[in-house]
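Chain nomenclature is as follows: A, B and C, assigned in order of appearance, with residue numbering initiated at 1 for each chain independently.
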Amino acid sequence: MKKNYLELTKIYYQVNSNTILKDINLSVEEGEFISVVGKSGSGKTTLLKVISGLTKQTSGAIYLDDKILADENSFMQPEDRNLGLVVQEKVLFPHLNVQSNVEFGISSDSEKKDKSIEMLKKFHIDKLKDKYPHEISGGESQRVALARTLVTKPSVLLLDEPFNGLDQKLKEDIYPNIKQILKENKMTTIMVSHDLKEVKSFSNKVYNLKNAVLRKYEP
Amino acid sequence: MKLLNLNFWNVFIYLIALFFAIPIGLIFLSLFYGFNENFEHIYEVVLLEYSINSLILVIGVSLVVLFIGVITALLVTSFKFTGSKIFEWALILPLAIPPYLLAFVMTEIFEYSGSGNLILRSLNLISDDSSLPSIRSLTGAILIFGFALYPYVYLITRVALMNISKSILDSARVLGTNKLNTYVKIVLPLIRPAIFAGLALVCMETLSDFGAVEHFAIPTFTTGIFRTWLGMYDLATAMQLASILLFVIIFFILLERKQRSNVQFSLASDTKELEKVESLKGLKNFSASFFCFVPILVGFIIPVLEIISWSIEIENVFSTKFISASINTMLLAVAAGIITTIIGIIFNFNIRIYSSKNAQIFNNFISTGYGIPGLILAIGITQFLTYFDLILIDTGIVITGSLFGLIFAYVIKSYALSSNVLESNYKQLSKSFDDSARTLGSSKYILLKDIHLPLLRTGIFTSVLLVISEVVKELPATLILRPFNFDTLAVTVYTFASEERIYEAAFPSLFIIGIGLIPIFFISEMIKSMRGLN
Amino acid sequence: MKKPLTILKATILIFIVGCSPVNEVNVYTSRHYDVDDILYEEFTKKTGITVNIISGSGGALMERLRAEGKNSPGDVFFTVDAGNLANFQKAGLLQSIESETIKNTVPPELRGPNNEWVAIAKRARVIFYNPDSVSTEDIKNISYEDLADEKWKGRVVVRSSSNMYNQSLVASLISNLGIESTELWAKKFVNNFARTPQGNDRSQLMAVANGLADVAIANTYYIGIMLAGKGGQDQLDAAKKLKIAFPNQDNRGTHVNISGGGILKYSPNKENAEKFLEFLLSEEAQTHIVNNSFEYPVIDTISPHPIIKSFGEFKMDKTSVVNFGKFNPDAVKLMDRAGWK
């Protein structure tokens, strides 16, 4: 039995008197790609924010490998969790060019340049390295964002509807490339989306977030 | 421990809030010292006079600014007439001239041998012996403050009018109400909170003034406080007087805040400008133009022309006094601008990252500094520094008399301006940047340094500039707190005016007005952007 | 054997205390006359002692001295008006001057009660009038008290009661006439004002020259400044229209006030402080003062500036200036009660 790499136990998140996440339990194996679908506003983004530590859960615990990310007694700051997050919009830092964006999370100065170019090449967008975010297309931006996150070698990759808004043809073009890179890196990934079709093209393990509760997806 | 949540950011915020609160706290504390014979004397003999004068001033000025500010705002927003496009922003120009400077200049114009009389005599409108009535009176003061401060009411009313939903007005029209009724029954109530907010601001400015009322020999709280301290060497009694004034000011601050939040409520979501229905013609056109022109003429054009006429007669343009005052002023202004902006950034960053209710409350609290009269701040700070020095006495360091107190006062006074600018800039900065940066491993410090600061550049720049413009105009606190041998432009102007040699202050005055135009530039830009792309 | 030890001690001392001490005197001044800069320069030239200036209003200087306490580097307090000096003396900020030279140069009525301060120049507070609108009858032998008379209604200007010069004048009246009489006088005097007190002494003179009033009370040195052209053409022309009347010549004499200095309580350079004050009383310094700020000298061997001298000799009130400080609080309250704004 494979070890559970990322584990969420009895996660609740309440704000004012709304329960946005109720008794969430989730186990993800290392290298797995799982998806969570749900309508807009169902709390998918919140789920990712809780996992990444950007939002503090009301109760419950999150474990990563042998570390406690958060529980009743401790809370690890997002910058220390080494999880990657790719958001939907306003994804790239507008004042930095593509290369600088990708280099942002790399701490070692000497390795920055090489690693970023290498990653950009994998996504076939290395020729954009000097361009600024407002000069590149939506699809290119998302790939840069992915590159930026992957280059930091996160333990888990969290994707928040990253391909929302891109046209179908474009999606079909870039999906294989992305899938391959994730597989190569054995990247444990959680992707949320409202688009079932899109989700299915990445993985078969799909969950449904509805009424604050997470269930395995049943068609 | 959850309550305190101590870390660098929070400690800094608590400290700053404490620092801001202490000078004011000390002022109120003085009420518990016991009232000495000086206070009793003041109470028996002059307090009533101070109160009555202050009351008359406040009421009189309110009426004037209401009249000028509201009507011009309505005219400019709802009609097209000759020059209306220019008047839109030109009506704000008098804000570049601080009230005391307007008072000094007008005094000179109305002087026996001043330009006012000279012109009237040359036009044979008055005889050589007679002259215009002296402007140095309560009525004169009311007019001066009125013309100097109406832009506040004009501005706030105009913005409120611009934000009134078109649909509300359309509904009104469909329901058959005529133009006048629309205004009275619908528009006025909607903009009433804005008008009151503007009025509160005007009243605070009026009560805070020292330069104009002293020059006009009107005994008010500010002159009384100044006189008690500097003339009678009685800091304690001065503080007690100050606390009385402070109660009134706090009332206005609360009033302004409440009204301002009401304004948010009444603004509708579809913000389209009130349709300019009518182009005025003939007599109406002329009247509207005239009505809008006069305040600008009196509040800006005439004073500036007068000052320029002085400058022509001066031989030594770059006198040492002017140069050193300019350097001093700019040093102070830039330092205050930077420090205030830094504090503003830290507070707003804290609020954004921690969503800390405490930080928000403290921020609101500190933001009330704009209403506190400079004179009162100066006194509170003086006392604070004296205590501070007592603590430090064995180190040989003396802070009283250094620039620290003065910059402290400037920061308190201009914090609200800076924080507002930064806050609105921060709002435009998407939180997803924060999310991305943090998950990529940035500490909060890196987030601030590498992501926020570069993206807030415009806001930071604006904040520093706005603080600079506030500092350059400030007079009462500067008079009291400035280190020895350290004059600013405002102090130079005041000193010359007190010696009836105001014309020698031509260049410092022009400099002050020049810097005063900076915020006006920003405001007019803001209004232009609010108009949208019509 | 002792010599090397002494040298060693001296060397160590220098390192602890710092490099060779600067020979200096720290002057806290609230005077704002240009002549002062000349005086400081001359003093340094003559004695080699550096003069460090800290200037500000009396109240601010007082607060600063209080805050500095015994660590204060202040040596000398220099100001105008005996009232200001008295305030400092009452606050315990000054020490008694011991210099015999000083005591012999300045008569006791121009020194502090325990020699806490000493006058270095005099000024008189006189009546300026427009000879075209004031008859010789009215102005002859005029006294301050006369200005309460009804015939002066609407013809008098004087600056605000918040100014120390007026407070000292009233204090002097109190010490000579008593509070009640002075208050009666003050009420009537105020009734005769042509306008609410505004502006400084100079602006009162301008008011008389422009016909706004017929008489003004102001200090003598202003006419010197104006007539010497230092205030510009307008002021020069105005000054030419005015004449001076020395009040109270047939009784106690015209009210005289002083510029003066004292040694601060914790002065670290006491010797230099004394030297500085002695210098101010030297013929050289007195000449500078007389010629630049148009004040009256304190020593007999020097004459006032020709412009000032041209107004004539006059009998000076010998009321001890100590009384100005003594009755200052009473004066301030009296003026308030009389409505002198």
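Assume a contact is a pair of C-beta atoms (placed from the backbone, for glycine too) under 8 Å apart; a residue touches a chain by one contact, two chains touch by 3 or more.
Every value quoted in this text rests on a predicted model; they were computed, and no experiment measured them.
Just count the C-beta contacts per chain pair and the biggest one is B-C. Distance from per-chain Cα centroids to the pooled protein Cα centroid is smallest for B. Remark: chain A and chain C have CA centroids separated by 80 Å (rounded to whole angstrom). Rounded to whole angstrom units, the spacing between the C-alpha centres of chain A and chain B is 49.
The mean-CA centres of chain B and chain C are about 38 angstrom from one another, to the nearest whole unit.
In the complex of the two chains, the chain B residues touching chain A come out as 430, 432-433, 435-444, 450-451, 454-455. Chain contact summary for the complex, chain B toward chain C: residues 37-38, 41-42, 45-46, 112-113, 129, 134, 136-137, 215-217, 219, 223, 227, 229-233, 235, 382, 385-386, 389-390, 393, 396, 398, 400-401, 480, 484-485, 498-501. Listed in rising order, the residues of chain A touching chain B in the complex are 49, 52, 54, 77-91, 93-95, 104-105, 107, 145, 148-149, 152, 154, 158.
Interface residues of chain C facing chain B in the complex, by the touch rule stated above, are 53-60, 62-64, 66-69, 71, 87, 91, 160, 162-164, 167, 195-200, 202-203, 206, 210-212, 231-232, 234, 329, 332-333, 336-337, 341.
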